[in-house]
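Encoded as structure tokens, here's the structure I'll be asking about.
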């Protein structure tokens, strides 16, 4: 077998444990050498489960280990920026969960460190690695159905988050729509203007967090195309994830994946089951594939598929949408500094 | 059989001939007694085909005929308003093709006459009579899936009109989107604000008519819901007509109708045919059903299903969208007088 | 307009009234000049509704009318054969409802008369005129997906007939499967052997009529292909009508038509309505098209699309299936004389 | 974590290597302690890849190892029976790939040993573990849609095997249809009679192996239901795997899984990609799940989900189909001893 990449994970919470298990079991290109969490017992438990030998509480211990080539950062968002700076300074390749940071100055500081130290930096926009969304991208990028005209992105969570979660998440645009901003850029290129409307229609408790639960964001792309992102915090039929790119000479649309293909017919008509419950199920293979590709890029010294520029752009679009919602007017992306 | 309604048609062009044939062949509740067109030969030809006995060039001749109860107006848009006034003054029930007029003052004059003379007045928003869109409406109106949150309307023509057509049509919003504004009101209720973006992406010749060919209109409804209308003048795969009403406790979506249900599998994958070419095919049964219901309402003296208020509202929304496109800002519907 | 064909209808019961209304309203190529029924009041009522001038009780009156070119026979099955003989002898073109007769000698006698007098003879196998089944036929006949290998025909009624109906219908194979035998020949060519199994699984009362309610008939075609026909008297989700022709280099499948295209999503999953209730709805357009083509063939003196040989073959296959069911063995079609 | 089951794999060829990788990476309940293959280098390579410590050439070495609780047998079919006997005699729990053996006496000998030594014995009918087929089973077994009436199983390979493969495979019924016989029993219960027809329509070279490439097998179930299995060696659009169980009060159908959900529209219509190429892709998750459940049954001392009786029944049905094809008559399953 070709050379494996020695990698460590910092942060073994919800997303971190997914990545840790994937690195240990499903990505043969990687050699998971250490896990780190400030909650040492959490890190120890997953290390035991997977047979990982090294467990640390303080990520600085990993930075001086010359055998470690790459680090996956899956800590709380507010710690991403300074960890990225430290890891970059240590010369290690970086995979960082999204968003890079909620403060644009922090994002820029992190990206400056990455550039200065010349390390790879991939952001965890997992949906680019979904087979269906990638197929849409390939069809559109091939030019066979002409220039993009109108993009539709539908992304609806099955149920609203808690008020506590909403308070620290940065709000719906930076927590949830951020994925769709990245998808919009992936499918349609750079975005110049956003216009956002939103409302509290299903989860009144979110008003306490000054957040909304239903939004519609209209996009103008640099290439003349238009787009719309439909987001809701409550789709009772499951995690609703669809993309259509309507083009001058055709269209390409990715419909929802389903848990099974069964249709039941009875007196009332035809019925099929709810959608896969949530992102862990729906995007399970994407979490493997994004990190697998990152590890492969490190191993073969290739550019990563989703970089710092992409990570920054999605945050900027989140702030533009927020400004638009508050001022009820279209906002140029260039207004956000 | 119960009593038939004596009805005449004014204007036997594209839409008028559809209505004339339907009245003669497919609406047993109606007795088509006369047809009228300023091109007498055109009226005569269809009368011969259908065995209609009376053919006139000047519609005033019909107004004094006491046996005629109802009149269907399918002349050029710029003649609707004054014909409506005359027909209303003659005390006859009116079915008028959309739009009532392109000038709001004309619309208001026509509606004032209708009200003054107490005649019925139905506007030809045929899509409300489509079985699938009506089923969506019923599901939403029943309340079983909760309050509407986000409406999606997709309506794409198969190919762009000529520059000449575009010049006299009132532009894309008043010619094409007007149907979708009515559909939006049918599914979601009153609209308070529109924001429209548009571009020329597929039919450069339309620039000569100062028109666009691709538009995205964002809606705010009075009930707090939001909506988006996606329109294009060129869907090469056929006449693309879809509606989704996403609600707090579910969703209801009408997909495209197809000419056949055949799927072919071969080395390249699975294939199905293009959509029915255009509105005459797609909405054939709606043209029958809207007039059938009108005739029934006349016969049984019931209120018509789509009235003058609906006809006016769609025109107002068209102007609001046009203003929004030109000024690149959200426009309150109340700004349009 | 080109010349119309003067046509009369004998038998204005269930199927006859459908054909009568279609001839009067939906087939411009036809001029419906008379209707005939031994129940004169039934014939008179539909004539009044449609403005047909001539109404007779005895079909012989029509035979001497030189102005009548064609006759549509929709009487009870047991009268088809002798009426066909009389009409053929009168030199009139014939459209005859299926089956030609339940007794093969009667079928042969009727067809001999048709041949002797050189009149056209079309059998009412309406499903050949369905757009989707015809599209499957075209794809297969074009050769683009190679030779047929396995045909699947699914045809399930929504609910069982009465015992009385079953007693006089000739049994499930001659009443119901007969359509599918014709569809099998239409899609796959001549059939050499059948093997039929069947059971009473949903309508125990049919045992009194010595009939079954669920059958599976396996076919061997002359060209080496195989096929299976799945029939049931009770599909509670509606009238289930599907065809697949699996070929050496692909497949062509017609799925069910639906009344609307609406999908509802809620807590339980996704739902769509039952299928169109029964054959009158499902095949409404086929009843028009088969007679329209017949009239056109008469007018232009062309061969009819479904002839006496086709009508006979389906009856023979019905008897072969019945013999196979009773003897529990494969039966060569050539065994049936 | 709860106790892991120590397991070894005998045979690391095509299916064996799939199971070996799954045991090492995807089944946390298992502890893969050894691999065995008479081609020692093949076993060594996969052991190196997965970090398995023990590699042996002769499976007898494993039988005396008291730490090994369970053994997965994935050797050539003709060795299954005697290895099963040895492993059973050693008191180890057994998972055996299908078919148990091609000779019924061998099957019976193996099963007798299993019974005598009281070990668990699971047969590798992986499709029972497919989420969609299981969902169909659950719906039917729940009784909510009434008694089964007609089963349809469609199973078509993407391309024909080599003549060499066909020669040693036992023929299409024992190699390919055997899966469908098991699926039929899983969905509909015991089978009493089969009638098989078959032909060489796409792969003339198979005549040299006295085999067929296209078959249709009709089934009579003990409960009165009927069924049909449609098999082909060449579905150019991909690995076609469908099941429908039509019942007295409804139906439950599993459609094909797809690699992606993308639909492309263009001038020619709508298009989607071919099906997943072959069984390794289509049933990847089933191979994990069947062994995971086996390991769980060993760990918790529960009965296995697919046992020796099931393995035997499918072989018997294969021979019944073969006899039916050769004699062109329905064959009672009880005729096969």
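Order as written gives the chain letters A, B, C and D; numbering starts at 1 within each chain.
Just so we're on the same page, contacts are C-beta pairs under 8 Å (C-beta built on N, C-alpha and C of every residue); 3 or more make two chains touch, one makes a residue touch a chain.
As the structure is a prediction and not an experimental result, all values here were calculated from the model.
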## Note on the structure
Ranking A-B and A-C by C-beta pairs in contact puts on top A-B
### Query
Hey, which chain ends up farthest from subunit C, C-alpha centres compared?
A
### Rounded Å distance, subunit B centre to subunit C centre (Cα mean)
39
## Note on the structure
dist(centroid_CA(subunit A), centroid_CA(subunit C)) in Å evaluates to 58
### Task
With chain centres taken as the means of their Cα atoms, state the distance from subunit A to subunit B in Å.
43
### Task
Send over the residues of subunit A in touch with two or more other chains.
235-237, 249-251, 265-267, 273
### Query
Where on subunit D is subunit A touching in the complex?
1, 25-26, 28, 48-49, 131-132, 135-136, 139, 144-145, 249-257, 259-267, 273
#### Entry: Parts of subunit A lying in touch with subunit C, wherever the complex brings them together
235-237, 265-274
### Summary
In the complex, subunit D touches subunit C at residues 146-147, 149-150, 152, 156, 195, 197-199, 201-202, 214-216, 218, 220, 224-228, 230, 232, 234-237, 240, 246, 248-251, 328-330
